[in-house]
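Structure below; questions to follow.
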Amino acid sequence: MTRYLIRQFTISLIKLFVFLTFMFFFIQIVMPGDFVDQFAMGCDAACREEMRVQLGLDLPLWNRYFHWLGQVVRLDFGESMFGEPILDIFKRVIPPTLLVFVIGTVLAFMIGLWLGKVTSWRERGIGSRLITLGGLVLFTSFPPWLTYLVTYLVTKGGVFQVVGGRGGLRGPNFTGLDRLLWQKVELSPSEVIITMMICVVISALFLFLLKFIYERLTKSKVPTLMFVFLIGLWAVSGWQMWGIDDLAFDIMTIAYIPMVTYILLAFGEFMLIMQASMRDVKNSEYVQIARAKGLPESTVRDQHAARNALLPVLSRLVISLPYLITGVVIIESSVGWPGLGTNLWNALYWQNMPVVMNTLLIVGIISLGARLIIDVIAAYLDPRIRYQDFQTNHT
Amino acid sequence: MTVSENVLDVKNLVMHYRTRKGPVYAVDNVTFHVGKGEAIGLVGESGCGKTSIALSLLKLLPTNADILNGEIRIMGDDIVPLPEKKMNKRRWRDISMVFQSAMNSLNPVFTVEDQILEAMLEHVPHLSEEEMNEKIDSLFDLVGLDPSLKTQYPHQYSGGMRQRAVIAMALSCDPDLIIADEPTTALDVIVQDSILKQIRDIQKELNMAMIYISHDIAVIAEVSERVGVMYAGKLVEMSSTENIFHNPIHPYTMALMSCFPSIVGEKTELVTLPGEPPDLLAPPPGCRFHPRCPYVTEICKEQDPDYKEHTQGHYAACWHPGGEK
Amino acid sequence: MDPIPSNHLEKAYNYYRNGQLSRASQLLVELIKHDPGHEEAWYLLSYVLKDLDRQIYAVQRVLRINPLNQKASIRLRKLSVLREEEDAGETLSSETAEGSPPQVTRYTEWTRDQQITDHGFSHTQRLKFRAHNFWRRFKMNWNIFAQSRLAILGLILVFIFGLLTIAYPILRNTVWASSVYDPITGFDMKVFPHPVPPGSRHLLGTDTLGRDVLSRLLAATPHTFVIGLTAAVATAIVGTLLSMAAAYFQGNVDTAITNLADVFIMLPAPVMMVIIGTRFREISPFVLGLFYGVLTGAGGTTLVMRAQAIQIVSKPFMEAAQIAGGGGRHIIFKHLLPSLLPLAALQMMVAVTGAVVADGFISFFGITRTISNWGTIIYDAFIYAGISGTGVPWYSLVPAAMCFSLFALGFYLISRGLHRVASPELRRR
Amino acid sequence: MAQKNGKTLVNINKLSKLFPVGQGIFGKADSFVHAVSDFNLQIKVGESVGLVGESGCGKTTTGKLITRLLDPTTGNILMDTEEGPVDIALLKGKEMKTFRRRVQMIFQDPYESMNPRMTIFDTVAEPLNVQGIGSMSDRETMVADLLETVDLVPASSFLFRYPHELSGGQRQRVAIARALIIKPDFVVADEPTSMLDVSVRTGVMNLMQDLADQFDVTYLYITHDLAVARYMCDRIGVMYLGKIVEIGETEDLLHNPKHPYTQALLSAVPVPDPTYTRNPIKISGGITKPVDPPPQCRFYNRCPLADEYCKTHDHPPRKEITPNHYVACYHA
């Protein structure tokens, strides 16, 4: 198992490298002009030349590539073309994105799987058909439009300044935040978000442990819904303890819009994959045996069918992951959420290459990292992977 | 209804599948019974409805299948009208099943022990944890598996071991009747042989009723006391194993007996049965075997023969039993 | 010589009854070779043989062995009558069919009991069979497809959009004056102030610049079709070629292609579209679709199709083709490609969805200024709302956004139907 | 089915096939499954030889090696031609294509061995097509004739159907027709009847025998069912883990099995007669994949006769006990 993970990790690094190299040359070659053209509109030729030398843009492409490569290897993010350290930018923009992406993905995944499971079990019911159609419509809907709709509905048509042309070119900010509240504290929204996330992660881990012990002792199952609810409750009380509850709630009042949009957009895909997978598993012999054993229908569905159906869903997830990240990027820029995606827009617009490349690096790492996590989860769920040490033979 | 001597009484069972092209009567008017401690065999070709009978007995039919008519009495109680909740109580307690494919009948993500325990927790929850563990150990011994293997996952077992585990699972709640649906078909001869022996011994030892379903008449000959022969959804002949093999009266049974190769005895010419089994979507009128039957007469083409007792305990559905005119 | 088993005649009779004439005749000939005086064999042979003359000969032989055979003499009489009729018929047909080769029409509609003596077909007949078979295949696949009502809904949606594409030029040239209904420069002087809500004159109202929303929507439909379909075709071609190469060569080629597809899958579609959009401000939808298809669609498609291609290659019928002597070209084009096509079609439909959304996204942000596009309509709605301060007109926003969603939905639903056609498990039932 | 002239058609010498298993971080195989190892077999013109054994014993791999679907690791397969024996493992390009005319195969699964998108005519005519034999109408005539020969009557009602419209027995007949259409000398039949129903199976078996005489075909039958092999074959070879442990004339082998494995195998076959009682010989364990097997006798760890001598010596050589009956066992 570890051998497999190490192997996957090495291959991932190589893929990341190929991906970044491709993007580096693709952007530089395809996009006309450079940062100086975008930024120094009013300057004359000499002034521009001087700026180019200063920023190292006069060097040939290969030189710049190796320079950047050297920086990546040293894990030195460098500075943006505006002179701001990129690490600072990332500290500002990554937490908001993670908040939406991680919590959104987890919730969308759970909702999607649950709906997929339920609808495929009673395939012919009118409710199942409606849910399937709903999932399809949401999944194929135009993301900015969905954002607009969600915002419109939750704000009852009131506040609507978020969606707008050239939304991506606005500087990242939290426009909806309560100014007075934030003036009193020295924390930035991103720092608050980090604290919030830590709270959620710790409470989730702790509750998982409790759940495990409880289930071992009593040999019964904790309902998933209750478990999620408990995690939420625990996390919120955690915010209270840190004393950031006001700030956290303030952030949540605007964060739920991209989050809900993202969940609506993403759950359909999970649901559809789960349905297909359940359909395969439903007719398998072990499910039939489970029925023959006289187990209650819910046990057959949840313990026997769903758990096996989950495995192909996980491997399909690997293919869908980049689309999910894409979805986040689009939604962020639609609502002006100051995350990684919005930042990427701005950088692309200004042709701020160091920021673009490093953002892509982060996106690549997130997607490959998520992949490794999926591998680990799959191994946890499937003893065949766990005990096999991945000795695949190609006969 | 008086309490019957039989573990299972099936009367006039009719079951069909609804398909796009029309109904398929996979089980058509089948009547038979299984006495206490008796092992009967059901033999027939693929698609003749043997497995459909087995699934009907457990009421495990897919959503597009219905039992249209007939009674299935287990220990005297008719289970056909039973609601799902009550049926669930009877499954595995009264009647359990060993499925065809050893590879797929165990859930790959749970240990074998968990899968056996699950059924016991559902049906015999009054047992304590130690009692259950002891029971599982003794079951493993019974089917010839090392009890220390019980905490392993199915993929760590070989094909033969898996089928043994499935048999142990089927025995876990001491059912009165066990249905074995081609349990050895996917296995190699040597493994098949030892599992057959095990099944036979267990059935005798626990004095349990068994329905053994197979397409292989050689296997059926070894395990069963009475044999039913199925053709195109109908039970065409049923009698003691001796009678079926040495004095068959239905032409299909006769043909089946003489087209089966054997490695012992003289090498005899194998008889070829002309044609193919009928398409159940549009079965031939009259006796379903008539297009392939050498003794066919006009009446065979028009009327379905009754399934009736010809000699003591020897039932058959044929207008010309034994080829007589 | 081995003694002929006594049941030969019986067997031959059984064969004859089952219609296996050639086997019956084989047995009988053997029997007669062994014992030329076998009366019953000759008699049965007269039924088994196909040629009338030979049938007559066989009966004559029976009568030579046993002149008292009643059945045989009756049969001989019958056969002679047949013989005469046939002779008369032959002269007739040879007279009428002078000049043209005698065309055999018996294959056009066959029934089970027709006997064959000559198996050659004419070219047109062969074509007819192929067409007939194609039609049967199509009907079969259509039945599978049509089982999913959602897929039919998708087909209807796409059909409606197709109608809209045709509707625009017709309307422009008949009832819509170009000064009012031009998608870019049109302005309606008779109504004021713009934008106006939907009414009889402007079915979907006008936008802030006074342009008719419906005409703009209609004018943009072909654009979306071109982008979607170009992307789809490009994706399908790249995916099919790569997956076939991976499945056929396996080993290192497979590893390389899989990993490359993995890398391509990481390319974020909107980012790529933005980069291309900024490069070509006035990009043609065709080029945009091509870029989308090759860069972002192909990764996932290749992975999905490769999995299926590998499965197909491991099927025994591939080995059978190899045993027949088929080389790489034969196997790829006769077996692998046809088996992959349904899946390629499915992936095409999915790619349409992706491409249309990505295109809408960049025009929505005003990055490309394609002449007219649903995304541009939304963009305009916002940007001019900001300029003129009238607020966002919902009637130009909602239809455009709905068009995007429904267009994508239509193709996606079709892909669901195709999924059933492409998956062999569903086919077998 | 008399022996035609005793000429050897196929001569297999020391044939081995290893499959790599397991891999390190960068995909280098570290051990091998010895699917077929040191395999010797002579097949004479006109005889049919059976290869029986449990699943995983390498019989299918052998079939694929002989039809050159797989390349052997070592050893050679000599095929008799007009210019004397030719090693088929060395054939390339044109020669390979001509070789394909002489050796054909019938597959186990009639459902999977035909392309579901091709009609029966296209399927059967595929070898003619690939080899470029005959004009289109010649091919039609040949296919239709052959379909009638394999009892698909009338051929016209089958020619343009698809495989899924046929029953299992009919499909296997089509598969037989495809194998015979280019009149091969040698046909490898890989469990051709194991997926068929009993009542249809005998028909296919008899048909194959009839066609063997009619077309002068030499068969290699691969099967796990000894009873079927008895009816189909002149000689039977028993395979265990990639090696033939015993080979002899059918009736001789069935009545006087000499190798302990053959004895166990024969005693385990159920008999369709309730009055017959077998006394099965118990052998321990099950068949395992031969991954880097030790050099001793392959049957060593399951053999009831195994002793110190077997442990310390190589796999026993094959010796002739009675005429035409060879056994590879130190104790036979």
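For clarity, chains are labelled A, B, C and D in written order, and residue numbers in each chain start from 1.
Please note the rule applied: a residue touches a chain if its C-beta (ideal position, glycine included) is under 8 Å from a C-beta of that chain, and two chains touch if they have at least 3 such contacts.
Remember, predicted model here, so these are calculated numbers, not experimental data.
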| item | value |
| --- | --- |
| Chain pair with more C-beta contacts, B-C versus C-D | C-D |
| Innermost chain, where centres are averages of C-alpha coordinates | C |
| Subunit A-subunit C separation of Cα centroids, rounded to whole Å | 38 |
| Whole-Å gap between the CA centroids of subunit B and subunit C | 43 |
| Chain centre separation in whole Å, for subunit B relative to subunit A (CA means) | 53 |
| Residues of subunit C touching at least two other chains | 18 |
| Where subunit A touches two or more other chains at once, by residue number | 394 |
| In subunit D, residues with contacts to at least two other chains | none |
| Residue numbers on subunit B that touch subunit A, as the complex places them | 58, 60, 62-63, 84, 87-93, 96-97, 99-101, 104-110, 118-119, 122-123, 153, 155-156, 166, 169 |
| Subunit B partner contacts - residues on subunit D that touch it in the complex | 54-55, 167-170, 197-203, 205-206, 224-228, 230-231, 251, 254, 264-276, 280, 282-283, 286-287 |
| Touch list for subunit B against partner subunit C, complex | 19, 274-275, 294 |
| Subunit B-touching residues of subunit C, taken from the complex the two chains share | 14, 18, 429 |
| Subunit B-facing residues of subunit A, complex | 124, 283-286, 288-297, 299, 303-304, 307-308, 381-384, 387 |
